[in-house]
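By letter and in written order, the chains are A, B, C and D; residue numbering begins at 1 in each of them.
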Amino acid sequence: MVRFALFGAGRIGQVHAASIDAHPGAELLWVCDPMTAPAVALAEKYGATATSAVDQVLADSRVDAVIVGSSTPTHVDLLTRSVVAGKAVLCEKPIDLDLARVDACWEQIKDTEHTVMVGFNRRFDPSFKDIRDRVRAGELGRLEQLIIISRDPEPPPAGYLAGSGGLFRDMTIHDFDMARYFLGDVVEVQATGSNLVADYVADAGDIDGAMVTLRGIDGTLAQITNSRRCSFGYDQRIEAFGAGGMLTAQNLLPTSVRYFGAERTESAAPYYNFFLERYTPAYRAELDHFITAIEQGIAPSPGFADGRAALVLADAANESLRTGATVRVDG
Amino acid sequence: MVRFALFGAGRIGQVHAASIDAHPGAELLWVCDPMTAPAVALAEKYGATATSAVDQVLADSRVDAVIVGSSTPTHVDLLTRSVVAGKAVLCEKPIDLDLARVDACWEQIKDTEHTVMVGFNRRFDPSFKDIRDRVRAGELGRLEQLIIISRDPEPPPAGYLAGSGGLFRDMTIHDFDMARYFLGDVVEVQATGSNLVADYVADAGDIDGAMVTLRGIDGTLAQITNSRRCSFGYDQRIEAFGAGGMLTAQNLLPTSVRYFGAERTESAAPYYNFFLERYTPAYRAELDHFITAIEQGIAPSPGFADGRAALVLADAANESLRTGATVRVDG
Amino acid sequence: MVRFALFGAGRIGQVHAASIDAHPGAELLWVCDPMTAPAVALAEKYGATATSAVDQVLADSRVDAVIVGSSTPTHVDLLTRSVVAGKAVLCEKPIDLDLARVDACWEQIKDTEHTVMVGFNRRFDPSFKDIRDRVRAGELGRLEQLIIISRDPEPPPAGYLAGSGGLFRDMTIHDFDMARYFLGDVVEVQATGSNLVADYVADAGDIDGAMVTLRGIDGTLAQITNSRRCSFGYDQRIEAFGAGGMLTAQNLLPTSVRYFGAERTESAAPYYNFFLERYTPAYRAELDHFITAIEQGIAPSPGFADGRAALVLADAANESLRTGATVRVDG
Amino acid sequence: MVRFALFGAGRIGQVHAASIDAHPGAELLWVCDPMTAPAVALAEKYGATATSAVDQVLADSRVDAVIVGSSTPTHVDLLTRSVVAGKAVLCEKPIDLDLARVDACWEQIKDTEHTVMVGFNRRFDPSFKDIRDRVRAGELGRLEQLIIISRDPEPPPAGYLAGSGGLFRDMTIHDFDMARYFLGDVVEVQATGSNLVADYVADAGDIDGAMVTLRGIDGTLAQITNSRRCSFGYDQRIEAFGAGGMLTAQNLLPTSVRYFGAERTESAAPYYNFFLERYTPAYRAELDHFITAIEQGIAPSPGFADGRAALVLADAANESLRTGATVRVDG
């Protein structure tokens, strides 16, 4: 049994609390959040204790592991203190918006024995993982091209955008990690952006659509398409193309029902419109991997270095967007 | 080069004329129809000669083959005279509505050397034929169950119904032949009908929907579903289920385009709404088979006996519909 | 909170125990089975108490509801005693193999206030339910034809067959209920069977494949296709065809991954091979409906009369199979 | 009736000859090729006259139109002389590999009345055209992103590569035109290439895979993925994504047959492996458009300027590939 404390009682914190509750080998002891009301509500729902005191949580010797699901600026501090307190850490993405702070964090923890995992949940999506396992097993021969299509149903509110770090560090970072999941290290980034969705995004100095091309260290190419708005739901697809074939993952439907009529045929329902519906199995599998890593004393994956590497690609994409040049990444 | 005369300048005659024109090894010499205007129009379109005189056509020694696409009551007479005149014959289905007349026809031609094919065009549909070829090749192991779904877009006009012989002899006859294409001889028929589409069908003493179960001589079962109306087009599908797998043929779409929106996703266009659009490749392949049979001196398939056998099943279905009993068929 | 006792610690009992555990409004108090070991194992897994004493369970005033998941011959006795003891009852299908015993059971309970539900879980499959809801809402206009394809991956062992009551009462009974779910009362049954799968089924006097045609009280037709073996998994599909369109439910896939290669394209993984994987959401929704009915004091559906009606259709199918005649059912 | 002369009796010439033969309003008079044997063979097949004398063809006043399907270096000369001779011209892509020669050609013909069409046949693919028509009709709201996936089954032989002008001018040029078909003028090009398919391509200084990002004049983004090899056939897909939905065109299958077995389900046959099978309907519709333009005295589309613009994009992609920079295009 792995005993958890959860930092952050917001949307993603609730996802993790539900996953812990559903996992037979996990127990939630603490919900820690400076906002008392949501902390208490979440703690009560799952029989845990609410607190706003980080020290109290980290001092509890029963706590084996923490999940850092609080706001991004708090990640580095909580991650560092948790490692120092001897807890295993599952930290939500991004580790931080500032690469220098990420590197400083690493300096703090690198010599301490630690178990740190970064929450790139999509690696645990059953379809994406199946493709990656089959690519690794050689089913496609050499992997040559990867296409990632990733569109959110709706742009985030203006208030969220301000602290988001911009599209590449907030949204595309998942896709950069997905590219690394297949390609390994990425050495070149070309990025283009657009403002076609919402004026307040442009007003905030951000983009709301993007197309990015990556080159992996072995020459494999990848393309990412992003949009902050998608009328037909959460659009999450990948194609892995190799010398011997292709594997694709399509969007998920809530039922298998199809409609046939005079105006249209073979018509399905809209896709899931919310990341929780779409990725619930991924969050559960992510937690299960983290618990397994703790119990077996192995390093979880994706780890701290993966969190850092995705941020490096986001920064490179911002530079490419600004300069128009292909940006080399040294890894 | 096989030289053709065509009996019947109506809808199905036009299909055959176009197929002859498109075939590099075929030439249309005559269009013969008691109605002068359509005969002339069709003949002119393809560089043939129009006539209403059957004798003139059959006396033309250049004519190698005839297609009997005239009204059903004329089939037996034209087929018989054409055989006597030494022509190869492709006769549209049904040979006749009356089994006694079909048998009498056979008595007339059985001792004459002849090449007679019956126009069950669906055997030549590329998808259905592919399934049948693969079943024969053993891809499914032993065939156990066949499901045929066959629905027309719209019921025929009342005037047509009167001479149609009823749903089983007019429409299901194609499906009876399709069942025989997969099962060989059929030994039992159970039939049920309904009147849910149009009052004038019931008024004419006919049904406008049906479900039929057949047992093949080796125990394989088949189900047929028919409707005289289908809002989403011409619904033509089969499933062949065997010990080792299943092969299905789905409906055909004019393009590969799919629509994704807030109300629906993966939505395709309506299916073909007319048998000519749906079965043009089948009609062309049927003609090609007929020409090949003539040129190679082999018996075309489906032949006269297949035309008779499908009619026997239609009669058995009518008896089952009337009595509620399973009807044995002796082949 | 609804407190449950579970009769039967076998395969289906384990399904229900897991559903109770996952339901926030349900608690499992007792697992009752004459076999001590499985009862103890299941009870321990979910924090319940094991017993072999039915009286002890029914005397426990904390118990609100029982699930009868024991062997078929025990259903009537347990259902009756539970109703007498004032418990709500969810009884697995079939109520009994013998219609006379079912009717005798009804005589016993009909004057007692009771909440009895029969476990036709497929009514709660999200896809089938979606189609039924949309049909009821008029999306297809008048329903005209229903096609049910239901094939099990593997035939049951010979030992199971002996007490199964035969294919129609054991397997098709689900499809009879599905037909009634869409058509309401059924008035005619035509049935055909085959022995193509396993010799020991024929040796037991049973069939291992079937095709059945039903007519609903308002003239709607339905076809059922069954096989005791299906190489590609659990084949569970329906098509509802109406004046204005069609709705279909296809088989379910574990992921959305498709493979494209030189030998084949658009290829998916095999379907679920086990009814628990396939119908887990249905079992959970079934339990949720039962709990809601208890809490709101309403009659659950499908109820006792639905369990009886499906058995009547199974008996009619057996008679049709024996006589070859269409069998009228008086409801 | 439009009377044609055909320059070039090679592979693409044969396609056009077949299209002319199949078109009721077209007639083939001449096949002109310096290689006598193929010219004679092709001319005989369609009842035309073979020649190697361009002057003879252009002097024939019966000739209304020419198709330039000869080798690329001859295009400009034949196009120019045909225009001067008063013939309508359908010129295969590219007009020339050298933009300066294209511009010089334009200087020659711009003041002459002419009807010049460039053979970007994919604009006439029924699926791609359907999407474009629906986008233009506003079905998706504002178009925001276009994804083009275009992969050939096999790389061309080394001998062909030498004179091909490289991947961008030879293969991607179709996709540049497709992008312009949807986006109008393109103002920015980012290109990346790879050598993963065949060593002899790299030896020839060319690439065999590419990913390109384009920005349209109104900010719409497009991505192109190319590969010279595709194990599962000719991979030709597009996705048009807009504010209100998405339209996709998938690959085409020769039949609708699907296989279901223990190892895989819903499996289709391989895709068409050859551009002629895949694009026959497009070539026919292209010719039909050309004939209509001639008969109605309107400018065919795509015209000379479209042929030039696609070449400009190919040159820009080569520059971006070399420098890593985003290349501005002035249109």
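We adopt the following convention: a residue touches a chain if its C-beta (ideal position, glycine included) is under 8 Å from a C-beta of that chain, and two chains touch if they have at least 3 such contacts.
Quantities reported herein were computed from a predicted structural model and do not represent experimental measurements.
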item: C-D compared against B-C, more contacting pairs; value: B-C
item: Identity of the chain that, by mean CA position, is farthest from subunit D; value: C
item: Subunit C-subunit D separation of Cα centroids, rounded to whole Å; value: 58
item: Length of the line joining the C-alpha centres of subunit B and subunit C, rounded to whole Å; value: 41
item: In subunit B, residues with contacts to at least two other chains; value: 231-232, 244-246, 251, 259-262
item: Sites on subunit B touched by subunit A in the complex; value: 231-233, 251, 253, 259-271
item: Contact footprint of subunit C on subunit A as seen in their complex; value: 126-127, 130-131, 134, 139, 244-252, 254-262
item: Complex contacts: residues of subunit D adjacent to subunit A; value: 142, 144-145, 147, 149, 151, 188, 190, 192, 194-197, 209-211, 213, 215, 219-223, 225, 227, 229-232, 235, 241, 243-246, 324-326
